[in-house]
Structure formats: structure tokens, C-alpha cells
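Shared between the two complexes below is chain A, which has chain B as its partner in the first and chain C in the second.
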Partner chain A sequence: MTARRYIGRAVPRPDAPDKAAGRALYIHDLARPGMLYGKVKFSEHAHARILRIDTSAAERVRGVRAVLTAWNTPELRFGFLRDNLALKRDKVRQFRDEVAAVAAVDPDAAAEAVERIRVEYEPLPGVFSPEEALREGAPLVHETDPQGRPRRDNRVPLRFHHESGDLAAAERASRYVVAGTFSTPRIQQSCMGTAGCIAEFDRRGHLTMWAKTQIPFLAQRDFARALADIGLGDRDVRVVVPTLGGGFGSGLDTHAYEYLAILLAWKTGRPVKIVYTREEEFACLSPRQCAVTRIAQGCDAEGRLTFRRVEVLQDNGAYTSWGATYPSVMMVPVTSLYKVPAVYFDAQLAYTNNTYCQAMRGYGNPEVNWAIESNLDDLARAAGIDPLELRLRNCNEPGEVTPMGLKVGTCGLRECLERTAARLGWRERRAARDGTAGAEPAKRRGIGLASLCHVGGSGRIYRSDASGVVLRLDDFGFVHVLYGGVEMGQGLHSVLTLAVAEALGVRPEKVVIGPTDTANCPWDVGTHASRGAFMACTTVLRAADALRRRIFDLARTVFPAEAEEALRRHRKRNPDDRPPEFDVAAAAARTGAFDLRDGVLFLRDAPPEPWLRLDLARFLRAVHFREGGEMLSAEAFVDPPTQLPDFERGFGNLSAAYAYGTQGAEVEVDLETGEVRVLRLVAVHDVGAVLNAQTLAGQMYGALAQGLGYALYEEVLSEGGRILNPDFRDYKLPTAHEMGMPIELEFVEPNEPAGPFGAKGVGEPGLVPTAPAIANAICDAVGVRLHDLPLRPERVLEALRKRGG
Partner chain B sequence: MTPRKTGRRSAPGPRVSARGRRPESGAAARASGSRPAASAPGTTPVRFVVNGAEAEVAARPSDRLLDILRGPLGLTGTKEGCGAGECGACTVLVDGRPVNACLFPALEADGRAVTTIEGLGGPAGELSDVQRAFVECGAIQCGFCSPGMILAATALLAEHPDPTDGQIRDALVGNLCRCTGYVQIVEAVRAAAARRRTAGGAR
Partner chain C sequence: MTAFSYHRPTTLPEAWRLLAAHPGAVLLAGGTDLLVRIRAREIRPPAVVSLRRIPVLAGATVERGGGLRIGAATPVADLLRHPAVVRRYPLLAQALRVMASPQIRNVATLGGNLCNASPCADTAPPLLAYEARVVLERARGRRELPLETFFLGPGETARRPGEILTAVRLPAPPPGARVLFHKQRRVHLDLALASVAVLLQFRGSTCRRARIAAGSVGPTPLRLREVERLIEGRVVTPELAAQAGALAARSVSPIDDLRATAAWRRTIVEVRLRRAILELAGLSPEGGAS
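Entry: the complex of A and B
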């Protein structure tokens, strides 16, 4: 392969100019003729029986077109376990439960109508922690399962388990064993653009949904099921994805508001838009799952890991989303981060009357990574081995098959660890002593690091793990790309553009990415599991290859005639020029004669004469406008070589490649206030190969900010099921100030053979090890181990007090 | 009421003064042809300059500047991220100073000059230097915070042509971004400032 022209460079994104100009259209900016505004009436109790709903006053509000409750609409059941209803009938199980919905001609009328809906409840005792929920005799969140069979307890009927090696023997043989319990909070995805949709039926009953989703095709299936439930089972569903104001996992499920928009549109015959306010987004959109992880790890006298035991308890909330399958990803680091011969993993989810949770970037990995990497530092301390050395001694290797059956291809973990350590000045500083003095006497500084592994070659969590692309060439040399994955800000369209330019041989300006629309794009399982760029490039490489073959095949006949014509024109314009003799027909007949680069078709071994260089657009027109003419396009649909693991046994090669990385932090801890200041961050990641250096850096910086927020600031607080901080005043996102520390990025490029252009997925890894790296640095600075995120000053102080310092 | 960027993280110190009206842009031309202020019951006409062009809108007392920009004026480049002055996505310039359009009463805009993201570019839609720097430095991901961020940065550079990193971060502290970690945004502001100095002033 010749040197790459676009892949690997730092290239601005194609969608940036319109976004900079305020011209990108988000769901908030879209309107349809005759559109109504929908609004949801949410529950006022965490757990209560619904006795009566009085909508008469709401119906009288001027401009109101429909008021829906469970009593005047068909039942729409949805969710990962289909345990959720678009409108609740018998009881509410969380504060945000949807009890009614209104459509009106303007948002004010809709809001007023919602305020006038009166609901009588009979409050029920609730359960607000998984421990409480699993206690004998605890109130049941769901008395029956979706099939109507009685339920005995609050266990979510999903099982995730893994056992490998001889655990008992390994525990006995361990020289050092350290156990601990670690917790992570619910956090909000906090997309700057809130959630919303527009539902519209045409006069044949076909539905179009403009949806803020990461899964247009799974959403299409969900919505089609809803149509079947309202008696429109034979109608078409089209999902169109507008510009997304962020995703971060919040778009991996379909949501009640989407079904309510469908119901309202169906009832009124008008398009209906529902957009959440920020407060609704905080209080009524599912946050990241919280988890409590009990862990024990052991090693022998030389620091070789002997076993790892991890038990996770998750507060699922009242209903089940895809987020309930976090343990399927937790298994990856639990079984496969560092070499561990014996592993025990079990995850349990409990229904509670808290807000139900959903996916977020990292999907289970940060939750257990927090436990593994914190506990590993404690183990190193117990064994008297430097934490870096302990990790290097157990480092994953290329070609390894892990206890879960993950087939590691390339693995740059050792280099990630070494490079991070070098940048932190690890060995020199650790040799000096633990915890160096800070700027002031009451401040102590320390350094820490933590690593991760994650799926890096898509991840099969569904029956299909596929994506598809269509490349369509027009008469002007433009390549129109139809891809079913979602640009949510991460840079998918940038990578698609560069991949097409590189693989097909056109200039990036000639690549046009079409809207994500189930009516036009090939099926795609969704933009999750860091698979966007990996699958986009994989499919593009295949489609571009097919197109190039067809172009070169046609060129054998078309090119010589075009070259002759070009030569004629050339001679006319340059009568004195004596072009070299060259037998075009003979050259064109040879196999592998042609190449296409930057939109110019040429013979590989021809002299560099302008008349022997054919503009792609001209070639395409020649192919099109003739008898038996042809328009060129190619479609590729790729289901990658990934396995749907048996999650009850915890075995299967989930991904086609695995991503690794190490992050380091230097912190300063204030002994008087407990405040932690991160002085610098280092992130060294094995990305396979760089696709677009600029968007890659953007992904990493953004992930680090989320990792920092997860470590220090962010937590959705709730009491008795009610969210206490539904705004940015009380829910702390890192600002430009908090991200003011120096950040060093470095990428390890082992060139993954399973990856397109050698690349692995990178969307999620950047936020996974940030929190433990910071906590390990805190431990280095002040000698206390923190177990609960976020690392708020009062928790640090409390730990310092307990230590007696 | 003094138009002031209100938000918990607003930087201390005075904000920028007006830099004069900008040339009429395509967006402004559209704005001026908007809904006539034939007073519907309960509304008051607001006459102001939007992106260099005169505009008149019938506003209700409860309308926010954000509502009349995004609604009757069709300037949807101004985003609503929180409606409470906490995220800065709706930042626009009023008489050159950055304000949260979600907190600014529409009626207060009467007689003032408002610049939205649509008004930053040149007459043929070319991007301003700050917008270009955001594009070139990779400062834009999902883009929802970008209009507000770019306007906040524009106001900063009008006051401080050569801002320190600290000044840049101060100026942007009321604008939340969930995608970028702010690194490339700060780089973009720095780059725009450097280019402006090399070019000898204005964009």
C-alpha cells in the first residue's frame, strides 16, 4: 500500500463549519407544519398506587389537542426486559413515572395543561437501595413480570457470572491478599443538547420519528412494535437522526417520551414534538448506573497475580434498560485486565424505587476499573512492590487468550505503562519517597496511575454486530455516503470522510455524508461500544475496494477513448508540444494497470502527461451517458468476527480487537480542607493506529474531562427516590477552570491487523482509568485509600481523620 | 436591569463594551423581514438591532430574549441548554457584552444591538476568525455549546487581544462543554488571538 494521504493526519471535521455558524439543526431547531408540542405529567411519588387521574381541567386549556392517560390509550410496553410502560396505569414506581401526556398548539398551553392534571395516589413504602430491595419481605417494585407471572423478590432476572481457574487453591496459594469495597455514583450523561423527538404520521399511517438516538435501527424496531400495539402493525417506521447535541450512551435505549410522542401524534393526526427541559433531563432521563463492587485480589511473593474475585451489586432503579447489561462489559476488565489465572465474577441487579438507569460511555468498565485499579495499588503496597512494577509483572501480552476467551491481538499495554511512568517521572519520584511536599505545608503531592482494557473492535452484545455503508458516485465526482451509524459529536463523519478519501482515492472535499435515516442507510446495530470509527472504516474499505475494481474494469474500455480525446484537445491547445508515444490501449489492458488518487484516474506506468490523467467526474459521465450506461455505487455490509458471549458463564470473544491504555495523575491534597487539585494528567493509549489525530485528541481530552468529573465532582443525588440536584448549579460538571491543568496525550500504535487502517475503537477508553489514577495519586500523597466516588473533600477529610493524620 | 452575563461561574470584572455594528449579513437581512410587531393582545413591540439590521418583534412580558431570537426571528443558532443561566449555550452579545439570552427579558432588548452566532460571519456567510479557529483547532464536537462559546470568546478578544490562558478560561467558565474537555477550545481562542495580532487587528 502506498503512503497514506489522509488517514493519520490532523484534519478539521466536515461538520464543524456549520456548527460554528449556528447552522446545524438539532431536534430543538426542527419544526413540522401543524406541529403540536407534547409535555409529560410525571409522578409525584416514588412508589404509589394510582387511584384516579382527573384530566378535565387540562382538557379545557385553550390550545390543548389531546390529553392521554393509560385509560384512553393502548398499552405500550417497552424496555430491555419490557418491564416499562409508556403510561402508567396501576402504580408509579419512581418519581419520574409518566402518568399523563398532553399535546397542545404551543409549549405554554401544554405546560399549563400538565399543571392542571390532578392525580390521586395511595403512597406505598418504597425501596431505595439494592441492599434494602433484596431484603426478605421488602416491598416489591414489580408484583408481576411482563408476562403477568407473580414475582417473589426485587431481583432483576439477568445473570452475569464467570469462574475460571481454581479459585480456592489460588486464594490459599496467595502470599498477599487485599480486599475492599468500592462504589461509584449515578451520573448524568449531561448532553448539552437535551433529549427530544418529533413523531409524525403520514396519511397512510406510516410513522417518521426524528429522534435523538444512537440506535436508529433498534429504535425503528422498538417503534414498529409500538405501532403493532396500537393496531398499526403493518405500517412503516422511519427514524431520522438530526444533529445530536451529545450522546454518551443516553441514546442507546428508546424512551417513554418517544412512545408518548407517537401516541399523541396518532391521537391528534398532527406531528408532535417533545423536548425535555434541562430539569426534566436531570430528573427524568436515565443516568449512568451506580454500582457497589466488592473485590479481592491476591499475588504471590514475586507479585504475580494469583486470583481476582469481584462481586457487583447494581441499583437498577424501577425499570430495565440496556444499561442493565453493564456486567457484560465489566467481565472484560475483570477477567482480562492484567494476567489473572483464577477469576470469580458475579453481578446482581436489584429493582428499586429510584430513577432507572441506562448506558453511559464506558458501560460498566469505569465502575469495576475503579475497584480493580484502586485495589491493585493496595495489593502492591501490601506486597511491598512498586505499583508500576506489579502492573508490569502482570502485563497483558499480544496474542494472549484471556480467561474469558478474549483473543488479544495487538496489545500495547506495556508501552502505555512505561510511557506514562516516564512522563510522570515515576521511578525517580517513587525512589525519593511516597508523597512529596506540596506548595504549602498543609498540602501534599502524589502521583498515581491506572490502566484499562476495553473492547476495541466492535462488541457483540446483540444478535447482529453489523454495520453497512453505501458509496454512491454522482456525475460530478462526489461520493455520497450513506451510513447507519450516528454522529453525536465524536467525529464519525470526519472519520468516514477520511476513510472514503483514502480508500477510494478521492479528495475529502468530494465526500458528502448523507443524513442518518433508516429509509436510506444500511442497517446498523448502533453507535456504542467504541465501534463507530472501527465499523465505519471497515465497511468503507470493503465498499471502496468494490468500487475501485468496477472503476478499473470499466476504465479498460473507457479510458483509452477518453485519453485519445484528451490528447486531441491537448494537441489543439498546444500545437508545438510533442507528447511522448504511449500505447494507451496496451497499457490499459494489463491487469492492475490503473490507479485512482485524489479523484484522478491514471495508468500506473504511464508518463505524467496531463492527457493521461482522467478526472473522475469526467470518467463517471463517460460511463453514465452512453448506451447501456451505468451509475457507480457499492454497498458493504459487515458483521465483524465477534462472539456474543455466554454471559451466564462469562465466556466468549466479545470483540475483534482490544484497546489498552494507562493514565497518570499528579495531585495536590489539602490536608485541612480535603480538597484535591489535579496538577497534571497523562494519558497514553493503545489506539491501534491514529485515524484523525485532531478528532482522536478531542475524544481523549473530552473523555478525560468526564473522567475527572466522575472522579471528583459528579453525582446525581437522590433521597427517597427524588433527584435533589436537577441542574448545573448543584450538579457539577468540570468547567474550563477545572480542566486547566497540563494534559499530555500519547498514542501507542501497534497497527492492529483486525482493525481498519490498523485502528482500534477509542471512544470510551479515555474516561475509564482516570478516577483510579487520581485516587492512587491521592493515596501516594497522603496515604489514604478512598473507596467511594466522587472524591469529594469531605470524603478525603473523613479518610484522613480515620487514619488519624 | 443591567444586562449582565449571569451564571454561577461568570468571571469577575467588567465585560466588553460595544465594538460598533457589524455589516449586515444574510441572517440579519432575514431577521429584519420578520414578523411585524402588529401588537397582538398582551404584547409590546421590541425594536432593536439584530446582527446589524433593524428588527421589530411583538414580545410578551414573559418572553426571554432567547424566545424572540429563536422564535419569530428564526435565529436558531442560539441554543437553549438549561434555561437557567448555568450553561452558557444561549450566550449572545448585547451591546457587545455576553449575556445569557435565557435570562435576558425580551422587552429589555428594546433599543439595543444584539449579535448572535448568525451575525458573526461575513456578508456571504464566511466564518469569522474566531469561528474559523474553532473549526481548524478541532474545538467543535457535538457543536451545541459552540455558538455560545464562540460569542463568549469573541467578546473576550474584543477586550483582551492577547489574553493569557487564565483569562481565556475565565471568559469561558460560564460556558459548559461536555464533549471537548475545553483543551482545543482554549487552543482555538489562543490561535484566533495570535492570528489577529499577526493580521494587525480586525478579522
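Entry: the complex of A and C
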């Protein structure tokens, strides 16, 4: 293969100038003629029967065009298990439940009207933890399932289970066994752009939705189903995705506010926009699920892992989103991070009267990785083996088939571990001491590391795992790209641009990415599972290959005539020049004669004469403007070789490739206040191959910031189902100041054969092992094991005092 | 946001007339607290009277006798550019630098921060340590109070209806004072979970004068007089610093809330005050508790 011209370089993103200049159009910026503003009336109870809703005062507010409740609208049922309703009728099951919706000519009138809606409730006892919810006789969150059959308990009817190897024998054969219980909090995706949509019907009843989504085509299907429930079953639904101010998994489901916008638009005949305020986003959009993980791991005298037992209990909240399938991804690290011969995994989700949860970057992996990698350090300590050595002895290998049936292609984990350790000065420092003194006597420093594995070659969690692309060439040599995946700030368009430039042979400036719109783009399952770049490049490679073949085919007839014309012009301008003799027709007739690079079509073995180099735009016009002319385009639709696992048995090759990585941290712990300062972060990731070095670094820095937030600061606090910190005043994200420590990034590039240009997906891995790396460093510094995220100073101090006393 | 009438007087008498004419009117200086509350519909004032165009309320001037008079509507960022503040009142400058974000500091004012009367107001502890006084004026009459008696409780001050906080007056700074402000935060942009402002004047290793205040550990910002008395006139040693920290932890009355626990806030006051005293005394902080 010839040297790459664009892939692998550090290239600025095409969407950056408009975003930096405030020119990009987010949902907040969009308006439609005659548009109304929608606003939602949320529940004031975590669990209560709705007795009466009085909307008369709201209807009298000037400018109000519609007030909807479950009593005057068709029932719209939605959600992963279809257990949620756009408007609640009989009872509310969480504080954010939608009981009414208003559309008005301006946002103030809508807010005024919502305040004037009076709802009478009969409060019911609620359940606010999964343990409470699963207790015998606990109040039922749902008395019936979506089909109306009575439910006996609060178990969410989803089963995720895996068993492999002889667990009992393995436990007996273990020389060392360490068990622990680890918890992770609810956290918010914290998108800079809050959620919102515009719903608009045309006069024929066709619906256009401008939606902040990561799944335009699954959303299209959801909305079409809603139209059927309204009685518009045969109408078209078009989903248009505006510029997204972040997704992080919050766009993997359709949301009640979207159905309410549809209902309000249908009722009023006007476009309706609903955009959440920051407080609404915090209180009324679903966060990442919290999880409690009970883990035990064992090893033999030599430090070979013997077994791993993991049981997860998750708080689903009141309704079920795609996020309920986190355990499908948890299985990947549980069964396959390091070589473990016997594995037991079981996950249970419980309905509660807490806010219902949804997907977030990492999708279950950070939750169990926190338990696995923290517990592994404890096992190393118990066995008297260095934590790095323990990991190296059990390191995954290329070509391995894991207990879950994951077919590992390339695997750079060993290198990730070694390079992280080298950067931390691991062997020298761990040998030398047992926690080093900090800058001041009341402070201690330590180092720690943790690894991950994750899907790196898409991930089949739906019947289709496909993506498609259309490449369309215009008369000016521009390539118009229609892709159904979503740019949400992660850099998808930069990778698409480079992939098209590289694979087709044009300059990146000639690549134009079209808007994500179900009316134009090929179907796409969604931008999740770190699959954006992987699938974009895979489809582009295929479409570009078809285009190149068509171009070269046409060139056999078009090129010689164009070259002759170019030569004539050349001679006219340079009468004294004696161009070398070259039989263009003969050369063009040979197979594989042509190449296209940087937008120039040429014969591979021709002399480097300007008249033998044909500008692509000129060639395209020659092909177009002639009798029987044609325009060139190519479409590729790829469903990758991934398997939809049997989640009840926990078996199946979920992804076409697997990503690995190791992160290291150096911390300083204040013994008197419990404060933890991260002095240094190291992240070494097996990315297959680098696509755009700049975008990749951006992905990693962003993920590390989220990883740091997960480790130290972030938590959605709630009491009796009510969210206590629905704002950035009290939901703390790391700031630039907290990210000011030196961050060392390094990439291992084993060139994955299943990956486009050798690459694997990297969207999620960067935040997975950050928290355990930091906690392991804390343990190294002060000798205490922390089990609950976030590692707030109070918790650290309490652990220190317990150890001390 | 609910509708209100908006007034922009250019003189104080005009402002008082507007306040009298619009019962329930509220005063706006920087608006960084007020507008948030109006937008959240926590308050619905019928009228808002802006103090932003009244020249006498802006700027800081050195007074005869060496004190400083700061107009109540002076933005924090302006104070940080004022040489007298930065050079002569470094404890205040330290607090202003860690208050909110640069954008907020551009509009938030000193008077607004005090009138909002949050126990975690960043400017309060240093001003208490400097023994600042506040000037309250109404159409007929003017009074001056020590800042310490201005705060009555969370969100409550001694300001009466019709009164405008026009200025904050700081006495001449104690010569040679060493100062340290510590703000305990979760992340860099945060409200104080606990704060201590320490001003010590030494003769040799003897502390001649101590002025110590704390924020976010009581219903109002607190001046810790008992701790001051403990230190004053004594040679500062690690033991004395530890005693001072422990006494401070006993003197404050923090609450548990979602930002931090009361117990941890006490610990922070104890540890941070001890360390501050040691640092100002030129002693290296001693070893940890565990």
C-alpha cells in the first residue's frame, strides 16, 4: 500500500471554524415560521396517584394555544420496554413524570401557563433503592406490564447472565481470593447543548423532527409508531439532526418531550419547539445508571487468575431506556479483561421511584471496570505480587477467544501496560517504597494504574449493526457525503473528511459533509458503541473503491481525448517545448492504468507531464456534459461481521475488534483533609491505528476529563427521588484548572485487520479506567481502599480515620 | 422571566424616589445573584432599580487617614485592577481572585456580594478581618455600621427598606500584616465550602494582632474573636497554631448540606487555620494527624 496522505495526520476539524465563531446552528438557534414554544408540567411527587388535573387557568393565559393532558390526547407509549407514556394518566412514578404540556406563542406564556396547572395527587409510598425495591412486599412501581398483565415485583424483565469454566473448582483451587463491593453514582452527561426538538407537520400530515439525537433512524421508527397511535400511520417521518452540543449517550433514546412536541404540533397545526433549560436537563433528562457491583477474584500462587465472580445490581429508575442494557457491555470486561478461566456474571435491574436512567459513554464498562481493576489491586496485595506483574501475567493476547466468545484480533494490552508503567517510573518507584512523602508532611504521594477492554469494531445490540454512506461527485470536483451517523462534537466529520480524501484520492477541502437527515442519508443504527469512526471509514472505503473503479473505467475512453486536447493547448502555449512521445491510448487500455490522487487523475506509468494530469473536476464535466452523460456517485451499506450475543447465556462475538488501554495516575493525598490531587495522568491506548491525531487527542482529553469527574467530583444527588443538585452550582464537573496536570497520551498501533485503515473505535475507552487508576494510586499513597465513587474528600478522610483508629 | 419595570437612575435621590414610588422594588447592582433568582421565579419583583449608572457608587478612593472607601456598585474585576486594593489590602485581593469566574467578576459588585448576605460570600471574611464598615443611606439620613453587625442571617442584613448600601469603608491596613485567605472548594469554580481569612501582625515571633474570620461555617460570615484573643500577645508555635485551629473548629457552627458535611467543614477550618498561622509565622507545617 502506498503511503497515506491524510489518515494519521493531525488535521483541524471541518466543523471547528463555525463552532468557534458561534455560527453553527444548534437546536437552540433554530426557529420555524409560526413556531410555538412548548413547556412540560412535571410531577411534584416521586410516586402518587393522579386524582385530577385542572388546566382551566393555564388555558386562559394569553398566548396559550394548547394544554395537553393524558385525558385529551391519544396515549403514546414508548421506551425500550415500552413502559413509559408521553403523558401520565393514572399515576406518576418519578419526580420528572410528564403530567401536562403547553404550547404558547412565547416561552414566558408557556412557563406562566405551566405554573397555573393544578394537579391533585394522592401520594403513594415509594422505593428509592434497588435493594428496597426488591424486598418482599415493596410497593410496586408498575402494577402491570405494558400488556396490562399484573406484575409481582419490581424486577426489570431483562436477564443478563454468563457462566463459564468450573467456578466451584476454580474457587477451591485459588490460593488467594479477594472480594469487595463497589459502587458508582448516577452522573449526568452534562452536554453543553441542552436537549430539545422542533416538531412540524405539513398540510399532508407528514412530520419533520429537528431532534437532538444520536439515532436518527431508530428515532424515525419510534416517531412513526407515535404517528400511528395518533392515527397518522401512513405518513412520512423525517428526522433532521442539527449541530449537537454533545451527546455522550443522552441521544440513544427518544424522550417524552419529543412526543409531547409532536402532540402539541399535531394539536395546534403549528411547529412546536421544546428546549430544556439547564435545570430541566438535570432534573428531567436521564443520567447514567448507578450500580453496585459485588466482585470476587482469585489467583493461584503464581498469580494466574483462577476465577472472577461479578454480580451487579442497578437502579433502573421508573422506566426503561436502552441504558438498561448496560450489562450487555459489562460482560465484555467481566469475561474478557485479562485471561480468566472461570467467570460468573449476573446483572439485575430494579424499578424504583428514582429518575430513570439512560446510556452514557462507556455504557456499563466504567461501572464494572471500577470494581474489577480496584479489586485486582487488592488481589495483588493479598498475593504479594506487584499489581503490574499480576496484570502482565494474565494479559490478553492477540488471536485469543475469550470465555464470552469474543474473537480478539489485535491486542496491544501488554504494550499499553508496559508503556504506562515506564512513564510512571513504576518499577523503580514501587520497589523503592511504600508511598512517598508529598510536598508537605501531611501529604503522601502514590502511583496506580488500571486497564480496560471495550468494543472497538462496532457492537451489535440491535438486529442491524449497519451504516451506509453516499458519495456524490459534482461538476466541480467536490465530493458530497451523506452519512447517517451523527457528529455530536466527537469529530466524526473530521474522520469522514480524511477517509474520503484518502480513500477516493481527493484533497480534504473538496469533501463536503451533508446534514444528517433521514430523508437523504442511508440508514444507520446510531452513533454509539464507539462505532462512529469505525463504520464511517469502513463504508467510505467501500464506496470510494466503487467510485474509483467507475472513474478509471470511464477514464479509458474519456482520458485519451482530454489528454490530446490538453496537449494541443500545451503546445500552443509552449511552441518550443518538445513533450516526450507517449501513447496515451495504449497506456489507458491497460488494466490498473489509472490512479487518482489529490483530485488529479493520471496514468501510473506516464511521464510527469502537466498535460497527462487531468483535474478531477474537468474529467467529471467531460463525463457529464456529453451524449449519454452521467453523474458519478456510489453508495455503500455495511453490516459488519458482529454477532448479537445471547445475553441470557452471555455468549457471542459482539464486536469486530476490541480496543485496549491502560491509564496511570500519580496522586497526592492530604492526610488531614482527605483531598486528592491528581498530579499526572498517563493514557496509553491500543487504537488500532491513528486516523486523525488531533481528533483522537481531543477524544482522549475529553474522556479523561469525564473519567476524572467520575472519579472525584460528579454525582447526581437525590433524596426520596428528588434531585437535589440540578445545576452546575452543585453538580461539579472538573474545570480547566482540575485538568491542568500534565497529561501524557500515547497510542499503540497494531493495525487491526478488521478495522478501516487498521483503526479501532476509541470514543469511549478513554474514560473507562481513569477512576480505578486514581483509586489504586490513592491506595499506594495511603494504604486505604476506596469502594464508592466519587472519591469525595469526606470519604477519603473517613477511610483514613478508620484505618488509623 | 416574569415582567418587571426597569429603572436606571443616575443619582441617589432619584433612586430613593423610585424605591418609594415602587413598593416591592429591588435593587440591582451586578445582577449575578438577583437575575438568577428572578429567572428561577424564586422572586417576582414588580420593579427593578439599577444602581449601575450612579457614578458615586462606583470606584474606590483612598481616604484621609489612609483608609479606603469602595463604592458599593464597583465590580469585582475593577477592584482587582485597583492598586490600593491589590497592594494595601492583599487579603481582600486574594479573596476576589478566587471569587466566581472571570465573567462573573466583570459584573458582580462588592456591595451586591455583601447585601446578598450568603454565609459563603467570598468578600466577607477578608472585610471582617480588615474591620470594614458599611455605609447605608436613605433619602433622609445616613448611618455606618461595622460589617460584623450588618449580617443577621442567611440572606438577611441590617439594611432597612429604602436604604441603599453606598459604600464599604476599610480602615488603614495594619502595617506589616501578613495575610492568607483559603477557600475550600470542590473544583476551581465553586462556592466556598468553608473559608478562612487570616491577618496576623508580628513583632519578632510574637503575634501582636490577629484578625481571623471564616465563611460558610455559620449562618453568617463569622469573626473568630476567641481565636484572635488566644493568639494575640503570644509566640506562635506549632502547639499554639494547633490550639487555634481546634478552638476555631469549636467556635464555628457549620451545617450538613449537599456540598459538604458539618464535621468535614469543622475539620477544614481547623486544618486550614492551623496551616495558615504556621505559614504566616514562617514555620513549616507539621506532620499529619494520622
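Rule of thumb we're sticking to: the second predicted complex is superposed on the first by the 804 of 805 C-alpha atoms of A that agree within 3 Å, B and C clash if a C-alpha of one lies under 4 Å from a C-alpha of the other, contacts with A are read in each partner's own complex, and residues count from 1 in each chain.
Keep this in mind: a contact is a pair of C-beta atoms (placed from the backbone, for glycine too) under 8 Å apart; a residue touches a chain by one contact, two chains touch by 3 or more.
If you're wondering where the values come from, they're calculated on a predicted model, not measured in any experiment.
S.K.: With the two complexes superposed on chain A, say which partner A:L733 touches: chain B (first), chain C (second), both, or neither.
M.R.: Both partners, chain B and chain C.
S.K.: Counting only touches as set out at the top, which of chain B and chain C does A:T673 meet: first, second, both, neither?
M.R.: The second partner, chain C, only.
S.K.: Quick one: classify A:L596 as touching chain B (first), chain C (second), both or neither.
M.R.: Neither: A:L596 stays clear of chain B and chain C.
S.K.: A:L471 contacts which: chain B (first), chain C (second), both, neither?
M.R.: After superposition on chain A, A:L471 lies in contact with neither partner.
S.K.: Identify which of chain B and chain C touches the larger number of residues of chain A.
M.R.: With both complexes superposed on chain A, more residues of chain A are touched by B.
S.K.: In the overlay, answer first, second, both or neither for which of chain B and chain C A:A442 touches.
M.R.: second
S.K.: Identify the partner contact of A:G698: answer first if only chain B is touched, second if only chain C is, both if each is, neither if none is.
M.R.: Touch status of A:G698: first partner only.
S.K.: A:F248 in the overlay: touching chain B, chain C, both, or neither? Say first, second, both or neither.
M.R.: first
S.K.: Let me test your reading of the model: by the given contact rule, A:L724 touches which partner, first (chain B), second (chain C), both or neither?
M.R.: The second partner, chain C, only.
S.K.: So in the superposed three-chain picture, is A:I50 touching just chain B, just chain C, both, or none of them (first/second/both/neither)?
M.R.: Once the two structures are laid over each other on A, A:I50 reaches no partner at all.
S.K.: List the residues of chain A that touch chain B in one complex and chain C in the other.
M.R.: Shared contact residues on chain A (touching chain B in one complex, chain C in the other): 729, 733-737.
S.K.: Chain C touches which residues of chain A in the complex?
M.R.: 108, 111-112, 115, 279, 440-443, 671-674, 713, 717, 724-725, 729-730, 732-738, 793-794, 797, 800-801, 803-804
S.K.: Tell me, which parts of chain A touch chain B in their complex?
M.R.: 10, 12-13, 15-17, 19-26, 28-29, 189-194, 243-248, 277-278, 488-491, 694-695, 697-698, 701-706, 727-729, 733-737, 739-740, 743
S.K.: Which residues of chain B touch chain A in their complex?
M.R.: Answer in residue numbers: 8-9, 70, 75-84, 86-87, 89, 116-118, 120-121, 125, 127, 131-132, 134-138, 140-147, 150, 165-166, 168-170, 172-186.
S.K.: So in the complex, the part of chain C that touches chain A is made up of which residues?
M.R.: Spelled out, the residues of chain C in touch with chain A are 1-3, 40-41, 186-191, 258-261, 263-264, 267-268, 271-272, 284-290.
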